[in-house]
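Provided herewith is a single structure, encoded as structure tokens, for subsequent inquiry.
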Amino acid sequence: MTGLNELRSPLSFLQSRLHDIPHRDMLDTEERWWKSEGVAVSHAIDRAGTPWLRMFDRLGKRVDEILYPREYQTILKRGYRSGVVWRALEEKSLIPTYLLMYDISFHDPGICCPYTVSLGSAVPLAKYGSAELQAHFLPQLLRKDDSVWQGATWMTEIKGGSDLGAAVETIARPAGDSWLLTGDKYFASNANAKLAVVAARPEGAAAGVRGLSLFLVPRYRNDGELNYFIRRLKDKIATRSVPTGEIELRSSEGYLLGSADSGIYLILEVLNLSRVANSVVSVALAQRAIADALSYAEHRNAFGKPILDHPLLRHQFENRLNALRSAFALAWDSVQLLNEVWMERAPYSDRYHLFRLVAHLAKYWTAEFAVDTTKWAMEVHGGLGVLAEYGAERWLREAMILAIWEGTSHRQMLDGLEVMERKQAHKLLFRRLSEIAPSKELQDMESEVEQHLKLPPEQREELAEPLFRRLAALTAETLVRKLK
Amino acid sequence: MTGLNELRSPLSFLQSRLHDIPHRDMLDTEERWWKSEGVAVSHAIDRAGTPWLRMFDRLGKRVDEILYPREYQTILKRGYRSGVVWRALEEKSLIPTYLLMYDISFHDPGICCPYTVSLGSAVPLAKYGSAELQAHFLPQLLRKDDSVWQGATWMTEIKGGSDLGAAVETIARPAGDSWLLTGDKYFASNANAKLAVVAARPEGAAAGVRGLSLFLVPRYRNDGELNYFIRRLKDKIATRSVPTGEIELRSSEGYLLGSADSGIYLILEVLNLSRVANSVVSVALAQRAIADALSYAEHRNAFGKPILDHPLLRHQFENRLNALRSAFALAWDSVQLLNEVWMERAPYSDRYHLFRLVAHLAKYWTAEFAVDTTKWAMEVHGGLGVLAEYGAERWLREAMILAIWEGTSHRQMLDGLEVMERKQAHKLLFRRLSEIAPSKELQDMESEVEQHLKLPPEQREELAEPLFRRLAALTAETLVRKLK
Amino acid sequence: MTGLNELRSPLSFLQSRLHDIPHRDMLDTEERWWKSEGVAVSHAIDRAGTPWLRMFDRLGKRVDEILYPREYQTILKRGYRSGVVWRALEEKSLIPTYLLMYDISFHDPGICCPYTVSLGSAVPLAKYGSAELQAHFLPQLLRKDDSVWQGATWMTEIKGGSDLGAAVETIARPAGDSWLLTGDKYFASNANAKLAVVAARPEGAAAGVRGLSLFLVPRYRNDGELNYFIRRLKDKIATRSVPTGEIELRSSEGYLLGSADSGIYLILEVLNLSRVANSVVSVALAQRAIADALSYAEHRNAFGKPILDHPLLRHQFENRLNALRSAFALAWDSVQLLNEVWMERAPYSDRYHLFRLVAHLAKYWTAEFAVDTTKWAMEVHGGLGVLAEYGAERWLREAMILAIWEGTSHRQMLDGLEVMERKQAHKLLFRRLSEIAPSKELQDMESEVEQHLKLPPEQREELAEPLFRRLAALTAETLVRKLK
Amino acid sequence: MTGLNELRSPLSFLQSRLHDIPHRDMLDTEERWWKSEGVAVSHAIDRAGTPWLRMFDRLGKRVDEILYPREYQTILKRGYRSGVVWRALEEKSLIPTYLLMYDISFHDPGICCPYTVSLGSAVPLAKYGSAELQAHFLPQLLRKDDSVWQGATWMTEIKGGSDLGAAVETIARPAGDSWLLTGDKYFASNANAKLAVVAARPEGAAAGVRGLSLFLVPRYRNDGELNYFIRRLKDKIATRSVPTGEIELRSSEGYLLGSADSGIYLILEVLNLSRVANSVVSVALAQRAIADALSYAEHRNAFGKPILDHPLLRHQFENRLNALRSAFALAWDSVQLLNEVWMERAPYSDRYHLFRLVAHLAKYWTAEFAVDTTKWAMEVHGGLGVLAEYGAERWLREAMILAIWEGTSHRQMLDGLEVMERKQAHKLLFRRLSEIAPSKELQDMESEVEQHLKLPPEQREELAEPLFRRLAALTAETLVRKLK
């Protein structure tokens, strides 16, 4: 099966899927660098585990410095220079960003988290920030050299990440042109970012999500002092190339983005960017796991021949490749739809609602696929699969984070149901799919969805899983035909 | 759903499944101890990671001492005292052993590995050892106090674990009454055992599995010196309560078990014990993951109520409980069948072949279930699921080892196919299942299996996976009715 | 040299030094337990490094639980049961406490830190606490079973430990019968104590040490919530059997001990207890290092004989033994003097001032001796000395902490100078020493001290080191004659 | 005291000591790079601890790869490029080498170990290797780019490092033009070197040191397979920038250097190079510790002023600077003498014997000084000194290794005695010192040494320590005048 060869590199797989790849040279350079340098650094960072946090310098001044291996900066800064953030705003297209993310996350799935949250800071600033705010902060986020600022998107608090309306207890108090924020953020990726967008509730605002606003919070106050504190870094099982910490906001200076009562829209728009990134990274990670398993299976012998030549295993490889193509088609559809709607503001178009449904399906389906595939790839390695030394086990750890971040499968199902019920997004979806390849199966599925939406709410939710699974599978399998 | 309560403890689940539980008091005591003491120790050992290996004492004498936290001995020795090994031989029944294993592995899935390999040393010694060998070594393995010896079963070498015929390069040379073994064992669990059963090839014996013999190798030579060396301990992702190492046999004294040309039978009989243990432990681990998720979901709130009360999640819990019952039924059937045949010697009865098929189905099905369930349980914990601090991620690591040890799913499928093809074991299985609950589904499945076995060999293997999956599912779902 | 044998156990050394050892049986039992059990636990804890701090439970409640190996509790609680704290107050003597500390710290020098700070909490409570406070808290600190509470003494803040007058910024605000304390403690040993004595400045009090007060701060508030927070545990190079953390006091409930304006006296009285403990532990640690070196040197051969039989090394062992005896004599003198004065309150007697001088000399001299001896013991082990595996390097790490805690040598010298200058404590010392063994050397030294005290302040301080070193040496060498 | 400023950089200190510094530009460049890049890498490597050893690749092939952080190569290769090895042989002078080592080891004391052992491989090859051997291997060791080979010097076995005559059990068997070596090396620095010089005993050779020969052993056999194996890496407390391992030679191909019966001379000549390196590194490390303490003391306040302005501490800094200058003078004298004699072969000149005595004095004195100074520097940092986070404790760990490697103080004293007794090296020394600054003190010391050498052997050794200490001090204090 010649197709297996396209598994070996992210670009060759992208090439097989997409007809037109912008900035092909840049991506080529990127991939070469990763193979020769980046991969070894990435493994060293994973082995090193959670980095140290130096809270105070020798003289007792609070500094909250994260003691990464120095070479971490090398791999991190490279992506920024290549344009994972600045290209989006300069070229007014997310395509280069997500292509770069696919390419990079094949080699290090965690590093795309900093990029995503930096993008998730730059975009709302560019969309909703006042001219003055933009002048003050946007250029730093878009620098093309190593002095670039990193962003961060801090929403989640200790009470939970799904029900933001109830969980966000951070309070913002007006203070002249700016605000002072006080509260604790519990899962704060890129904990040492120079600039973060932060969900908080203005003092006196309504309860629930409607009372949330989005603020820009720089690392240093106007007087040069630390503006927020890192309580500690989390001991995550993977994505060690992003420092995730707990953040203490203590009368931290912040700047309102958009209007105070539209925060929840801004927050969800930020999540769109990261949910799509999660899908892209999931597929790239799955490809990586299959690629590693392939190179192992070609060279490992049992019963007189390479294990790749055993019919059962070879069949599984072929199935994985097909499934990878479907998963990619679904993820890439969410990229393309987002690229159409990312500059929309509420009230949104139908296209935006279609995007939301596809994004939920893609996030769910690709993360499940990444977990299942990385598990399988470990098994291909046999006993070596469970040894820390050989790297196969790392991909499952990375995949599990992708399955949980940006909303677990439960969340995608329930939010997917909601956008179907309230915005009739499934109708838009089935129309889109029928244009690609009309089929009896699609018609049946559409009827089934319609029936399901008529169920009493309790039951609708209870039985959502098999429906959503089949809908995701069918969507992926239909979309893949478009890419062929 | 009242059934959820039985998830909270291994004994209450066993009670709901089995009508008659021997040694109930002992199991009760065991469980109380684990809750009050053992669980904390088990977590501390997992956090501590791979233990140190002290190869030399201060004076330069090779000692190969494993520097475990001292309390490790506490949990380890407890199970031996309770009878996880001695009861099997004294009571001539494996039931107490596997009940104990279920009970214990709910709390620490790794610790059953030492027990299994100790059992796997005692049984062949008792079955095949000369009277003199038994007198010399068996009593130490069956002691009821903390001076008990641990056993080990070392088969795998660097070239692989599945194709033993090609991979075992350890050579045994006759030396009077005993033999001298030289070679390297690559995955050697319980690396510091006092006594191991070791697969080796007598000098000049045939190639392939037919030339293998099984030897008893004590830790110390007759002259008191180390008889084998631990090259290093493996950095496994889990089961840290068993030290797995690489073993160097260097003219190590060994004693032949059985006849030199029957080694492969003895080896497979040892694997029977551990494969069944793997199934039992997998189910207990799955129960543990669900139990932890349950206690979390009861207390964690989102959208105004405990997340357990959200219909989708509650439905998933109910499905998990049902699947747990089925998986247990399948695993327990393999226990009961093994209990009938474990003292057989080649040539074997039909009952033995039936056991082999059920054991393959059970190993495959329960390990897959454990992986899938522990992944799901991580997701129930949301972001906490990926933090090393909270333990939810540990269960997935443990499960992945169960999915790989004792043969990955590939291996179970291929060996299952073989016993169906060569011994017609599926006929025995369907007869057994029909007695429990005859159904059209069973008849269809039997025909399908028959058709499959008629395929050309290449294709038979290539397409084995979906067939084997459905066969396992149907077997489990049928057997569960018996336990109701 | 027969004396070397007394090095092998702390009790045999104590026996050789002291004519009367109370509770000898208890100490014997203690030592036996440590040899058979405790030593292995202590090494395992050292290997495990800094323990984890679990700040939040799974449900997001702040708990600040320190995840020690469970067996840590075993060794910790044992000392409390044996009476390292309760005996002092029940028997109205510190002798049993410091004997126990000597005995225990031979095996684990760090564990005496929790004991010392627990004592340092119980004593001021018993001396200065109101009847109500005592009734409320003292019994818990004096329990003779494993439910005993641990204490802690938290003075140091980020700006430094020596100049408390400037460094303590924690503020106490009156709140009815109690106070509310807010501030950060930077080196907080026994970070999870149930009760701490804490230096703070009542709002509006004077600057400098005169404005400090001492408060009792329990771990839990009256309403059951955490009363203080552990920001993090420190990665110390040794004494891993005591968790040292940074503490955040945030309106933490506290109870004033003594009068608000006498805090500095109470603080210094607490330091007396720990400074003397530091001396006792230093000597015990030095003995341990020599004992380990001895057992190595007896068995390690070079040039045809045990290295102990090489004249240079044997001579060094003999010198070390002599120096150990002197150091012990000095440390024990500080114990005996403290035992006479520990219940005094300001204004203090001459005896108290004599004690202070001896305590400074002893703290300085014994810690220097411990460092120098542990370094030498590493060298005796040759290359093994620098390997983490063999434990020899641990003693130097432990010793370095003793050299720094409770005031570095600088601090002892300067405070020693002060008590000589302001209280003429040297006159009391020379009188005491002359009674033991009058000599020309003592007379010369006394004149020299007198001359030194007449120097201009700048020069007096600048040249303090050689004077103080010789004074300490002479004092130790004189006192050792008393014990012969 | 203006002199304190010269402490801040290794080059400014060298400049203050030496009138003529060759390759000053290169050293400047080196120092700038270390300040801007290297220091951070060095700390990261120290934090990372012992690196992983990957013994087998995924396919089961033994590879013995050391998994260092990738950036380790950056700092390592830099020194080779700058000429720490090639300059010595190209410029026929050791001065550039030891200047570079001083400069580099101020920043990372461990990295000079690889350089030293590489030099220690190149020099005997260049002196004693056949033309063919030199042609085959020397160019790789002298490459000026990153493809340079590293060397190693493996002498010590498990039985000890001092008494090589008894401890070396590695056997060399002739095999045509080459030899096959079998044995275990216990402290093998630069365990992954491409080429090592190895002490072994040709089969049938005499017992004791006279039977030793020196062999060149490449990493790969002629057929491309591994020629030696790394059993494991040692968990050293410091010098983590050099991987020290245990080496298994198993019929490893080796090439004889010099004649078979002159091995001990070659071995001792190799030790000369590393003993002098040890002295140079010790002084640089001491300077580093003082420099760090200085920058701390300038900025840390207590009692109203920087602690550097407290008279006692300032006085200590001045004393340390003076002692540093003396220690450097002694170390540098050993460099200059070695530079005169390093190409000599046995029988040696008087100059060589003088060198040996000075080298023993320097190794002893500078290592003691490094330990004492790093301990003191920790104390200057107060509590921070014992925290892993701040680096002060690292210098003591590094110093302890210097005190033990290349022979502990015992060894230097005894070997120093021997060269005085057998070669009258003290007479040469006193003549040299008198030329610098004749004094009564020197005359007295010379008489004292003469008297000592007349003592009975047992007593001569027993009382060696104080004599040797005073001789080293006096030598250092005299030599320092030469550099003023």
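Going in written order, the chains are labelled A, B, C and D, and every chain counts its residues from 1.
One rule holds for everything that comes next: contacts are C-beta pairs under 8 Å (C-beta built on N, C-alpha and C of every residue); 3 or more make two chains touch, one makes a residue touch a chain.
Everything quoted here is computed from the prediction, not taken from an experiment.
Participant: Which chains are shared contacts of chain C and chain D?
Facilitator: Chains touching both chain C and chain D: A, B.
Participant: If you tally contacting C-beta pairs, which comes out ahead, B-D or A-D? Let me know.
Facilitator: It is A-D, judged by the count of C-beta pairs in contact.
Participant: What is the distance, in whole Å, between the centres of chain B and chain D, each centre taken as the mean of its C-alpha atoms?
Facilitator: Distance between chain centres: 52 Å.
Participant: For chain A, which residues are shared contacts with two or more other chains?
Facilitator: 52, 159-160, 186, 235, 300, 389
Participant: Using the touch definition from the top, list the residues of chain A that touch chain B in their complex.
Facilitator: Touching chain B from chain A are residues 156, 159-163, 166, 186-187, 234-238, 300-304, 310-316, 371, 375, 378-379, 382-383, 385-389, 393, 396, 400-401, 403-405, 408-410, 413-414, 458-459, 461-465.
Participant: For chain B, which residues are in contact with chain C within the complex?
Facilitator: For chain B paired with chain C, touching residues are 37, 40-41, 43-44, 47-48, 52, 54, 58-59, 67-71, 296, 299-300, 381, 384, 389-390.
Participant: Considering only the defined contacts, which chain D positions touch chain B in the complex?
Facilitator: Going through chain D, the ones touching chain B are 55-56, 60, 158-160, 186, 231-232, 235.
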